[in-house]
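Handing you a structure now.
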Amino acid sequence: MTKRIGHYLPAALVFVGVLGLWELAVRAFGIQQFLLPPPSSIAAAFVEHFDELMTVGRNTLVEAVGGLVIGGVAALVVAFAIARWASASRALLPFAIAANSVPIIAFAPIMNNWFGILNPLSKMMVVAVLVFFPIMINTLRGLTLVDQASLELMRSYAASERAIFAKVRVPNALPYIFTALKVSATLSLIGAIVAEYFGGARSVLGQFIITEAAFFRFANAWAAIVVASAVSIAFFLIILAIERVAIPWHASARIVDSS
Amino acid sequence: MTDSVVRVRGVDKVFGVGADKTPALQSIDLEIPKGAFVSLIGPSGCGKSTLLRLIGDLTQPSAGTIEVNGKTAHRARVDRDYGMVFQAPVLFDWRTVQGNVELPLEVSAKDRAGRADRARAMLALVELSGFERRYPWQLSGGMQQRVAIARALSFEPAILLMDEPFGALDEMTRERLNLELLRIWKQTGTTTVFVTHSIPEAVFLSTHVAVMSARPGRILEVIPVDLPQPRNDLTREDERYFGFIKRVRERLRGRDVVRPGAAEVAAS
Amino acid sequence: MLSSIYTFAVFRAARSVLSFLVVIAALAVLWEVVKLLGGDPSEAWTPPFQWTVASDLNMPHLWDIAASFVEPAQRNGPPLGIVLVNAGFFTFREAFGGFVFGAVLGLALAIVFVHSRMLERALVPYVVASQTVPIIAIAPVVVIWLRGGWLAVAVISAYLTFFPVTIAGLRGLRSPDPRALELMRSYASSSRDVLLKVRLPAAAPYLFAAFKIAATASVVGAIIGELPSGIRDGLGGAILNFNQFYVSGPPKLWAAIIVAAIVGIGFFALVRAAEVLFLRGRTAPSDA
């Protein structure tokens, strides 16, 4: 137990140290609040606007989750479909990789036009497209990058392609899928917030941040950013927990290959 | 012995501390004459690899001294007096074959000039001329080990330390590489210390076989193998060859043999 | 004389580009088919369905989008194509400058961490935790805070690059086989030699994976950063502008988005090409 504490102690010290230094520096040098708000005023802003922050945070989270569900399901369906017809995957993978490097967020104005600027669906669609490619690419990788020995074993049992798919490829893909989901958790929240920058209802996190920043009320803006970070981390941890339950046999140490 | 390259005296090696102490080697005394080919053989865990690494100053003894080339083992390592070959080739996959052989020459300031020529000469010695521009993944396991040997010899070390270098290869490749190694040894005259699991290999290659006991390892006996040189396929059919193999095997089992070929006398 | 490795790599690259273009062509056909089925009626043809998404306002005809490149963006102004190319370069410079700075900083930090366990334990948890923080979302705030300008945007890109590179660098620098390190000890190598001859080459594949992610993130960060900062010269400004005046010229927004896509893909392709160059010959060719 003490070993664990000792392990995290340097990190914890850094955290406390940085916060303390920050607070002191702002006060000592008399830096203007709107230039660099000290942790204390961010905390105060958080308390003061608590209700509003919770509302906007929840609305944005709904967009993020909705988009993740839409995009994730679509990605899984497409990846499974492609994996069954192996030749297609070779042709489509370069396209998916290139598509992943497009700044998807640029499509936000289009989505606003198609679905309505105030409609959460317009933000959800941006998130859906954003998470689609990483999840699809990784699922495809998981379904196809099965080691030869396992495949040969199944063939020696005269297993049908369908059986091989269900018994070998899908379990093999699960770790890849979860890794992609963990990255997508963060991605979906970022996508929702940034999509909101292109215009949206007042009661969303992105609009809140932009408005407060535009009025130089940085303490409020940073408080909202802290909320966004907290939600993002929580989302990540939830998926981590689901992963531990779903695939306890696998140590989640793979890198996501979004390249 | 007059001209000893390696002198190990009273060496102990203990791993771990307190309750976890594991004695690996105990009271090791070994002298290796210049130009000899000495095999270290013993049961698993007897510490033969540890002994090799002690000589190479990759680990330090808990007690006793090791002298290499008239210097301390540490000095010998710093002066680059020995080359090492492991069981895995440990080639760098981002370098070509020639690049890999040149690696120690790049590191050592004094060996820098004429590096490329030296590397090519070494590759010719292990009969891999023409493969300079290839990458490790393009070579078979046996060929990769030959590159590792070429690399170990590239800076003309006084001693060659080999830790079961052919362990991962198939029987036929192994026998071929045994012959190759002997040819290289004859040509360069490099003193060689060779760790192996295989009794026939030890007998075939060596001028001396050092038989070790189970943990904690001790040197049970150093058997001089006076089979005629140069050794070849005919050696493997020589009656004395089988005699030596039997003698080493019996020593490993802890039984005494009066003389090769005679009826065994069971020791208590 | 090309060795077999190179010809194989070129062949594979060509095949990738070709399949990419085929998919684009297929999508283009799909686009117009959708409009054919549910778009706006014209004199010659009345589509069987009526989908709002497929209207000329929401989905301009591909030839209209193409035509908009040569028409002036504003009254009496230069052609849209020129405007967008300039905007694209502007944004790319911000992204690239930040990327280079972030990559160098990230690698330097990784090297420091490899040599100091204490520093690593103190700081790496934050480097890791920051990956779950929506950095890109902060971009506009940072830009306003730093009083706008392209330098602030480059700072965003640097930040987005720096974290993945540090993490990948750390993994890569630690990845060599311990026996390779023992080998270097047997040569009595200096730690500088070990870094340059073993750790860095071993880290290269990991670093390039991070570079590819960071390249895309840098471009996105640059565009987002431009949004509230009043920078008119970049793609972010162009997208905002054409969005505001969408109704007067729908194809122009699409044109801007296409250019943004090209910048993103282009930067990625650049890094990929560098990767192929740096990592050539290392392993047996595998898929993608």
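By letter and in written order, the chains are A, B and C; residue numbering begins at 1 in each of them.
Operating definition for what follows: a contact is a pair of C-beta atoms (placed from the backbone, for glycine too) under 8 Å apart; a residue touches a chain by one contact, two chains touch by 3 or more.
Note that the coordinates shown come from a computational prediction; the quantities given were computed from them, not determined experimentally.
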Shared interface partners, meaning chains that touch chain B and chain C: none
Remotest chain, chain A as reference, centres from CA atoms: B
Cα-centroid distance, chain B relative to chain C, in whole angstrom: 52
Centre-of-Cα separation between chain B and chain A, whole angstrom: 54
Averaged-CA centre spacing for the pair chain C and chain A, given as whole angstrom: 18
Residues of chain B engaged with two or more neighbouring chains: none
Parts of chain C lying in touch with chain B, wherever the complex brings them together: 3, 177, 179-180, 182-189, 193, 197-198, 201-202, 204, 279, 281-284
Chain C-facing residues of chain A, complex: 7-8, 10-11, 13-15, 35, 90-95, 97-98, 100-107, 109-110, 112-114, 185-186, 189-190, 193-194, 197-199, 206, 209-210, 213-214, 216, 218, 221-222, 225, 228-229, 232-233, 236, 255, 257-259
Footprint of chain A on chain C - complex, ascending: 16-17, 19-20, 22-24, 52-53, 57-58, 118, 121-126, 129, 131-138, 140-141, 144-145, 171, 209, 212-213, 215-216, 219-220, 223-224, 227-228, 235, 239-240, 243, 246, 253-254, 256-257, 260-261, 263-265, 267-269, 272, 287-288
Complex interface listing, chain B residues touching chain C: 56, 58, 77-80, 82-84, 86, 88, 90, 92-96, 103-104, 106-108, 133, 135, 137-138
